[in-house]
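There's a structure below that I have some questions on.
Which chain is which? They are A, B and C, in the order written, and residues in each are numbered from 1.
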Amino acid sequence: MMKRLQTSTWVYLLIAFVLMLLPFVKDDRWFLFLMIQIFVFAIFAMSYDLLLGYTGIVSFGHAMFFGIGAYSVAVTMSRLDSTFSSFLLGVVVAVIISGIVAFLAGVLTLKLKSHYYAMLTLALAGMFLYIAERWRSVTGGNDGFTFRIPELPGVLQDHRNVVIYLFTLLSMVLLFFGMKRLTESPLGRVLVGIRENDQRVESLGFRIMPYKVLISVVSGVIAALAGVLYAVSLRFVNTQVFDIEVTLDALLMTIIGGVGTLVGPILGSAIMNLSHHFLSDLASVHWIFQRWVILFGIIFILVVIFFPNGIVGTIQKKMHERKMKQRVKQVEKQSAKN
Amino acid sequence: MELFINLAINGIAMGMLIFLIASGLTLIFGLMSVLNFAHGGLFAWGAYSGVFFYVLLDNFWLGLLGAIVTGLLLGWLTELLIVRPVYGNHIRQILITLGFMLVLTEMLKVVFGPNIINAPTPEMFQGSWMIGDITIIKYRAFIIAVGLILFIVMYSVLKYSKIGLIVRAGVMNKDMIQALGVNIKLVFVLVFMVGSALAALGGALFAPSSGAIYAEMGLEFGIFAFIVVIIGGMGSIPGSLLAALLVGLANTFTAYYMPILSMVVTMIIMLIVLIFRPQGLFNISGVSNK
Amino acid sequence: MTQPLLRVEKANTYIEQFHILQNINFEVQKGELTLLLGRNGAGKTTTLRTIMGLNPATSGHVFIKGEDITSTPTYKIAKKGIGYVPEDQGIFYELTVGENMRVAMMHEDDATKERLEWSLELFPDLKKFWKKPGGQLSGGQKQMLSIARAFVNETDLLLIDEPSKGLAPVVVEKVIEAVEKIKDHTTVVLVEQNFYMANRLGDRFYILDDGLSVHDGYMKELNENEELKRKYLGIG
C-alpha cells in the first residue's frame, strides 16, 4: 500500500516537472494562457471535489468564493499599490471573507438535507452577483476594471506570463498534495464515512457537524485562492466571476474527471478548457459548436447516469477490480495446490 | 393608499406566478423526494411555447394550451430519461437535473434564437380598470384569478379526490400505498407531468406581463421557486402559496421603496426561515428534512 | 397433496449488503393461520416484506397459488388478494380514518362495502373516530385500522406483522379476538413475539433464526417441545 502511494506520488511529481519545463519549450502566449486557465480551474475544481467527492455536499454557489478571491486581490491591488505586500494583503482578505461566508453557510444548512446547502449556496451566490453588479464604484460592474501586478526585478515584460504560469502551476501542485494529505488523513476518512453513511459515523461517536463545516470552510478558502490566481493571471476582473456558470464549470470538471479523486478535477479542467477552446473555433463550421453547452450538458447527463465515477474514478475502479480478480485467482490456485 | 394597493396587486400577481412554479416543485419533492433543478427550465419553455402558439394560432387560450401540452410532454420526458435512472440518490438527482437545466436553456436558444422575444398581451386584457382612485391592470387581475383558481383546484383535488388521497398517502408512506395495490410509479409520472405543466403555464402567463422573454428567465424564476419551497415547507401546497405571496409582495414593495434591497430581501426571508424554522412555515409531517 | 396457497422456496434477500434471509423455505395452506416465530432480528419482518415484493428476493422463489411472484411489483401482488399489516401499521397519519380506508379500497362495489361494514362492527372504535386523523389514534386503534384496511379488499392471504407490539394486555386481547374472527374468512400469516397470543391463534408454526428457517410443525408439537421454546423463543 505504502509503495503504491509512493509510485503515484512520483508519477505526479514527474508530470509536474514536465509541465514546468513546457513554457521553455513552447513559449506561445495563447498556449501559456490556456495552460494557466487549466491550472486555475483545476484548483477551483479540486476545492469543489473536496466538498462533493469527500463529503457528499453539493454546492451551487461555489462561484461566490471564486469571485470573493478575485475581487479581494483585484480591489486591494488597485486601491493600494501593485506591490507584493498588497498582493499578500489581498490574499489574506480573500481567505478571511471566504472563510467567514463558508462558515456561515455551513453552520446554517449542513445539518439539513443536501438540498438545503445546494439551494442556500445558489441563493447566496445570486446575492453576491447582484451586489457586485450594483456596487459599481468598487466592482466596476459588468465592465469590470484592470489592475497592475507587481514588477518582478530581473524579469522581462515578455516573460511575466512564464512567471505566472510557474506560479499557478506551483500553487496547483502544492494545493493538490495538501488536499491529498488531508483526504488521506484520519480526518479525511471520517469525511468519507460521512459521505457514505451519516448515521453510522455519528453512532461511532463522531459529531459530524464540525467536520462538515470545517470542510466547507477549507473548500471555500481554496476556491477563493483559485479566484485570486484567476484575477492575477488576467490582470482584470468583472462580475462574471460570480456567475453561476463558473460554478457549473467546476461541477462539470469534477464530475467528468472523477468525483472524489482530486486528480479527476485536474483532468476535467484540462478537458473542459481545451474543448471550450477548440469547440469555439469550430463555431464557423457548424452552429452547434457555438452552443457547446448543450453538448456538455448532454455529456454531463450521460456521465452521471452511466459513469458516475467519472474518467479517473472509472479507471481506478477497473484497476481495483482487476487486482481483486488476480488476488482471487491466486487464492484459488493456492487452494487448488493444497 | 392608491400606490399601496397597486403595489400589493403587483406583488400578489408576481406571487401567483411564483406559486405556479413552486407548487409543481413542492409536489414533486414531497411525493418523490426529487428536487428537480430543471423545473425552472420548464417555466421558460412554457413562456416560449406559449408565445409561439399564441402568435402562430392568433389565439391566447390556444397559446396557454400549447404551453400546458409542452409542459406535460417535457415533464414526461424528464421523468423518464433524467429522473428515473437516479431515484433515491439525492446528489446524482441534483447534478443530473441541473445538467438537464443547462440543456433545456440552451435548447431554447437553438429553437427560438438567442435574442429576447417580445410577448404580446391579448387584447381583452390590455389596459386597466379604474375603481375609484385605484387602477387595476387587467392582465394582473387575470393572473391573480388564474392563480387562485388553480390553488383551489389543486388543494381540493389533493384533499378530497381519491387520486389526491393516493398522492398524499404516497408522500407519507410509499411502501404502504403500494402494498394497498397502488402503482405509485405511475402516479409519480402523472404528478411529474402535472407539476411540469403548472410551471409551463406559469411561464406562459408570465410572458405577457413582462412583455419580453429570454432563455435565462428559467434559472432566475427557478431560484425564486426553490426559495419559496424552502420558506413554505417542502411538500405543502398552502405553504407554497403563502411563501410565494410573501416573496412576491416583499419583492414588489422593496423594488419600489428600496430597489437595492429587492433581490436581497428574498434571501433575508429565507435566511430567517432557515435559522428559526428550517422545516419551513408549513410542513407535512410525512416528509422529514433531517 | 393440495397446492399450498403460499410457497416460499429457497428465498435469499439482501438489504443493502446484509444477507437477511438465507434459503428460507415455508408453505402456507389455505384456511390455516401460520405463525412465524423467532427472536428479534431473525428475519420475520423481512420475510413478509419479501412476500409483498417490498424487499424482493434476489434468488429463490415466492409462489402464490402456484404463480411465481418473486419479482412482481408490490402493487400487483396486493391486487392478487394479499393484505399487509406492517410492523409500524403503516397508517397515513394526516389522512382521517375514513380516508385511510378509502385509499385502500381497490373497488367501491357492494362486496367491499359489506366487508367495510363488517370490519366496522368488528372495530367499533373506527366508526367512532371516522373523521379523526390516523396519527391521533391510540396504538391499539392504529392496529385495528391497519387490519381493517388490509381486509377491506377481497383478501385470500393476510400478512400481519407483530400486532401485539407495544400494546397493553387488555388491547392485545381485543386484537386476538379480532384476528380469531378474521381467520375464519381468510388465510393468515402472523409474525408474533407474544407467545400467549401466538399459542391461542396458530395452527402451524415456523421458527426463523438468523435468516434461516430452522423448525416447523403444528402448534401442538411446539407446546410439547420445551427445548425448542427455550432455544429459539426464550420461553420456558
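The criterion applied here is as follows: contacts are C-beta pairs under 8 Å (C-beta built on N, C-alpha and C of every residue); 3 or more make two chains touch, one makes a residue touch a chain.
Composition by chain, UniProt nomenclature: A, B = Branched-chain amino acid ABC transporter permease; C = ABC transporter ATP-binding protein.
Everything numeric in this text was worked out from a predicted model, so none of it was measured.
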item	value
Chain pair, most C-beta pairs within the contact cut-off	A-B
Chain centroid nearest the full-protein CA centroid	B
Most remote chain, CA-based centroid, reference being chain B	C
Separation of chain B from chain C, taking each centre as the mean of its C-alpha atoms, in whole Å	43
For chain A paired with chain C, centre-to-centre distance based on mean C-alpha positions, whole Å	54
Whole-Å gap between the CA centroids of chain A and chain B	33
Chain C residues within the chain B interface of the complex	52, 54, 73-75, 78-79, 84, 86, 90, 92-95, 99-100, 102-104, 106, 135, 149-150, 153
In the complex, chain B residues that touch chain A	35, 82, 85-86, 90-92, 94-96, 98-100, 102-103, 106-107, 109-110, 219, 223, 226-227, 230, 260, 263-264, 266-267, 270-271, 274-275, 278, 289-290
Interfacial residue positions of chain A with respect to chain B in the complex	52, 56, 58, 60, 108-109, 111-116, 118-120, 122-124, 126-127, 130-131, 134, 244, 248, 251, 255, 287-288, 291, 293-294, 296-298, 300-301, 304-305, 308
Complex contacts: residues of chain B adjacent to chain C	162, 165-166, 168-169, 172-173, 175-185, 284-286
